[in-house]
Amino acid sequence: MTPIRIAPLLFIALLGVAVVAAQQAPAAPEPAPAGMILMAYPEDFGELERPPVDFDHARHTTALGADQCSKCHLVEEGVLTPSFAAAAGDLDPDARMDAYHDGCQGCHQERAEQGLSAGPLTCGECHRVKNAVLPDQAPMAYDYSLHARHVAVFKDRDEKDRCRGCHHVWDKELKQLVYVKGQEDACSDCHRERDEGKTLSLKNASHVQCLSCHLARTGEGKEAGPTACVGCHDPAKREAVKKLEEIPRLVRGQPDQMWIHRADGLSRLVPFDHAAHEPRTTFCTSCHHETVQPCRRCHTVAGVPEGGGVTLERAYHGASSRLSCVGCHEAEQEAIGCVGCHGGLAASENDSECSRCHAGPWLAPGVEPPTAVPNTAGIDPLPPISDDFPETVVIDVLSSTYQPSTMPHRKMAVKLDEAVRTSRLASVLHGDVETGCQGCHHRSQLGERPPRCRACHGEAAQARVDRPGLKVAYHRQCIGCHQRMGIKKQGCTDCHEKKEVAS
Amino acid sequence: MSTATAHGERSGIFTPFNLIAGVILVGGAIILTIRFTTGLASTTNLSNTNPWGLWIGFDVMAGVALAAGGFVISSAVFLFGMKEYRPIVRPALLTGFLGYSLVVLGLLADLGRPWRLPYPFIKQAGPTSPLFEVSLCVALYLTVLFIETTPAVFEWLGLKIWRRLVGQLTIALTIFGVILSTMHQSTLGAMYMVTPTKLHPLWYSSQIPVQFFISAVAAGISMIIVEGWISHRAFHDQVQTSNDQFRDINFGLAKGAAVVLGTYFAVKLVALSLENEWRLLATGWGAWYLIELMGFVVLPCLLFTVAYREQRLGLVRLAAAMTVAGVVLNRFNVTFIAFNWKVPHSMRYAPAWTEVWVTVSLITLAVVVFRWIAHRMPIMYEHPDYPALH
Amino acid sequence: MSMSRRGFVGSLAAGAGALSTATTEATTVEHFEGYPGRYGLLHDTTLCVGCRSCEVACAKVNALPEPEQPMGDLDVFEKLRRSTATAFTVVNRYQDGDGDEPPVYRKLQCMHCNEPCCATVCLVHAFTKTPEGPILYDPEVCIGCRYCIMACPYYALAYEYDNPIDPRVMRCTMCYPRIKEGLNPGCADACPAGAITFGRREDLIEVARDRIRKFPDRYINHVFGEYEFGGTSWLMLAGIPFRELDLEEGATHESLPAIGTSYLSVVPLIVTIYPGLLAGFYAFTKRKDKLAKAELEAALAEARAHGEEEAKAKLALAAERAKKDKEKAVETAVRKALAEQGEGGSS
């Protein structure tokens, strides 16, 4: 066969190659099925050479028997360490990989030799989750209700044992963990991302403490927490957990009212009502996110690595994080009663005056601050109906296609005012009743009778200053607010009837 | 009109060919009448998303490419001295002339206001437009082809002085023809350089002008082979070349076509490399592109080579037909198949049957005129009274 | 005047320096930013509520029929529409609202590009980019080739396919007559949500950036039309990625005319180089023919000359042989005669 005769066959072969290549287009990634443990562990292995392994734990417990946990797990004095025992501890990636391989494949091989049902032995049969999307394991989160329920469980124990399970410190002399009252910290204060010597990682510590207790109680037939991964790590399942109606205040020596201050007097003192803020959070960690220590312990004025480079000023004022004062306050503005006005304002227009929070005295260095007292100030009531505060306003300035619109001015003001009054936060930060008017009567002097909209908004838009024309100004203010507040009146004829077209 | 041959035999007016051609032509005339009285919407599937359809895709784009044989053969014979192809110069030029006339007729059918066709030259020019350059070159080239066809007419009419005059223009016209052909063949491709978002990246390239020009040369040569195949049989009593001579001509053309197709393939690969588009070949469009490239460029190239080496005329003709189909397919791809490839399915274009009928009738018209001329004028043979042109 | 060598060289250098500054100024490459103060429009799709008042207003201002589907008809959004020969602008819905997120609409029309490819590709120069910004179309010269419609990357042009007498290309004109009078385009005035702002293009870019700065969560950080394909007069802001609004994301900043007509610079080269080149080929062919002919004649002449010489030699040889033969014959005859005579005399 001369080369030239092979040519047509070559062509067909090339075409075939092309068609086959087209099939190799990467498939869409699929999430790991629920209940599987996806063994990827990027924190141990870094970038994987082979696809992760999907480990069916339930299948293994069924195959081995529910009492055979010690085959893979370390079980000491009834306490089960949930991680794979052979691969635990300070191992380098290769040694860890070998531990898994020896453990898994070794057992599979044994069972296969004994003629029992066994798992795979070849690489590709285990490492098969291509394009894996690591499941969204939400970190476990505690709240006051859960804490109270756990406290109730242990309330019959001796005082030094009651809280020791979770709140402990290492006593060097006694060489054991002891409970010290008043020094209860969050778990993450000591238990970090990785095992550090004997201090387990947060993941391992939580699993050891929580799971073994839950398992034990379940074994004894008592009411217990979840024993499966999804029970704690699935946000939906967590939502379904029972919540106590009345939750007693979690006391750890915190003050009721206090000053937020620096001893060297950088700014006016900020009165902080700790007791009033507590019910607005889910747990201490809502604000004390890394540790129960005060903010300034890690967030220094200059910014240090312990604080993630976040300066003290940013820790209090950073608007983008819910952990800061200003950030949480801004997030609260998304409540239905607030978002009508606040949702439409640009970030820069939304800045409240500093003095609303910085209401305390200047403190000279070394001088003790006065006793902090709760803020009982309220805001003045709405004024009576007058020319300055009309019952209704008829907007007839542009009426051409539509009839004039009658706006229930007082009704709207009362509703918005009520939203302010019922919110402690709003009342304090507004400070006075006129601030609430600024939502619609923007960019005008506070306390004075506001100018008419058409004083600044001409009929045509002014592009250079991005000021809409009068019609658009009305629509954006009114309809925008209605949209944000979920008020149904958003259509044209909801506010103004259509004019009869002259024939 | 009877089909009188040069030898005076009359075969009657109602031959099967004439009847079929007549039906096609009459149908085409009716459709065009409707088109000119009610607008393009009634006889085409053109839309605002697809303003160019079959009439541009075939009549203009493919038509110009297939008529390229004229300048290829005339330059080969007159400029490069390949005298053995002299017998096919006149058929090639006639094919070219009728091909370009078909282009202009198709264009007249497609333009919104065809009576304004000369506007770019007489009213207001838009010289920034590739289409301006194309129209200028096509107009001039059509004139060149017309003049190059007149020697046969003058011989037929016995106008010796006129014949001598146009004969002396041959070299200049051939040079001018090559210049014009290079420009407009490539610029037809360059017209698509302004649509990078609408033409699929496998067909869109900064080298599209070069690709169009080279494929036009290949199409021209193949069209000559196909036309020669038909003419040799239809005008058998006129041709003066021996069978051997005819075979040699075909094999020579096959060799040339193989080289051109091979060059074209290389240019296409270069274009793929420049834009690093290799992974696009693994998509559905990539498969279609490979079918066009492998099945209608590489395969005919190989077939031409095999046919030349083994002296198989049938294979030459098959390869030529495939090349013609391939160039037509390429022009269709660029004009409306791979063009607008991102547009949703409901807005894509497919030709209406009326568009197909008009295109077929234009082709039929060209064939009928070719027959009429070739039966009467010295196209397939050399008139004994006149010296050979150069 | 005597001059030292140093002075001569020095004055040369000074002269060269003066010349070089002059030439550097002359060779700076200029970049045309567009007519200053030209107008544009800013379309903020986060504000568009899909009421289509702009469609109604556009039809009114341009004396076109009112949109078929009235304003309240939401079914019109089921399919994506494009502008047509009787509707210069349409509003499409690109994302359904799903409770939390509001639906997203966008208005389509001619983008009045800074460097319009429709104007470049028109072979009768029927389009003009005015200094005020709008692109104008002259139906008096249009031949209906529809290259402009084919080229427009925004599918903004439409054609009157059902018109056999004077079909025109139909597109948004940015209300050029109104702009000249100091009015706003019809759509800008009509929009009740303020999604269309008319003003100087450079101002609108500042306004758009300002809005992004003030509401970073609301907008994608990009003003579409600022640079895409050389920039357009219609600028867009959006809260969802622009490709979901059927707009080309990541388009080059190079204008389409620059991309599409760069090839045309080759054309003059072909016209200037090919004649010489092809005439050269012809001359080479003729020369080859002539040489071949001369060689043939030389070979023939040689063959002829060679043959003549041979023939002469043969003739000489034959003549000599004949002479010899004759002499021999004469001798034989004489001998015979003598012999006969001798015999006859003796008896």
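Letters A, B and C mark the chains as written, and numbering starts fresh at 1 in each.
One rule holds in what follows: a residue touches a chain if its C-beta (ideal position, glycine included) is under 8 Å from a C-beta of that chain, and two chains touch if they have at least 3 such contacts.
Predicted model, so just to flag it, every value in this text is computed and none were measured.
Novice: Between chain pairs B-C and A-C, which one is joined by a greater number of C-beta pairs in contact?
Specialist: B-C
Novice: Kindly work out which chain lies most centrally, taking the average of its C-alpha atoms as its position.
Specialist: C
Novice: Can you compute the centre-to-centre distance for subunit A and subunit B, using the mean CA position of each chain? Integer Å is fine.
Specialist: 69
Novice: Between subunit B and subunit C, what's the gap in Å when you average each chain's C-alpha atoms?
Specialist: 22
Novice: Where the CA atoms of subunit A average out and where those of subunit C average out, how many Å apart are those spots?
Specialist: 56
Novice: I need the residues of subunit C touching at least two other chains; which ones are they?
Specialist: none
Novice: Which of the residues in subunit C end up touching subunit B in this complex?
Specialist: Subunit C residues touching subunit B: 79-80, 82-85, 117, 119-126, 141-147, 149-151, 153, 155, 157-164, 166-167, 248, 251, 256-257, 259-264, 266-267, 270-271, 274-275, 278-279, 281-282, 285-286, 288-289.
Novice: So in the complex, the part of subunit B that touches subunit C is made up of which residues?
Specialist: Residues 35-42, 44, 46-49, 51-52, 75, 78-81, 111-114, 116-117, 119-120, 123-126, 128-133, 135, 171, 174-175, 178-179, 182-183, 186-187, 190-191, 193-198, 209, 344, 346 of subunit B touch subunit C in their complex.
Novice: Could you pull out which subunit C residues touch subunit A in their complex?
Specialist: 42, 47, 51, 102, 184, 188-189, 191-194, 197-200, 203-204, 207, 210-211, 214-216
Novice: What residues on subunit A touch subunit C, complex-wise?
Specialist: Listed in rising order, the residues are 346-349, 460-461, 463-464, 466, 468-469, 471-473, 475-476, 479, 483, 492.
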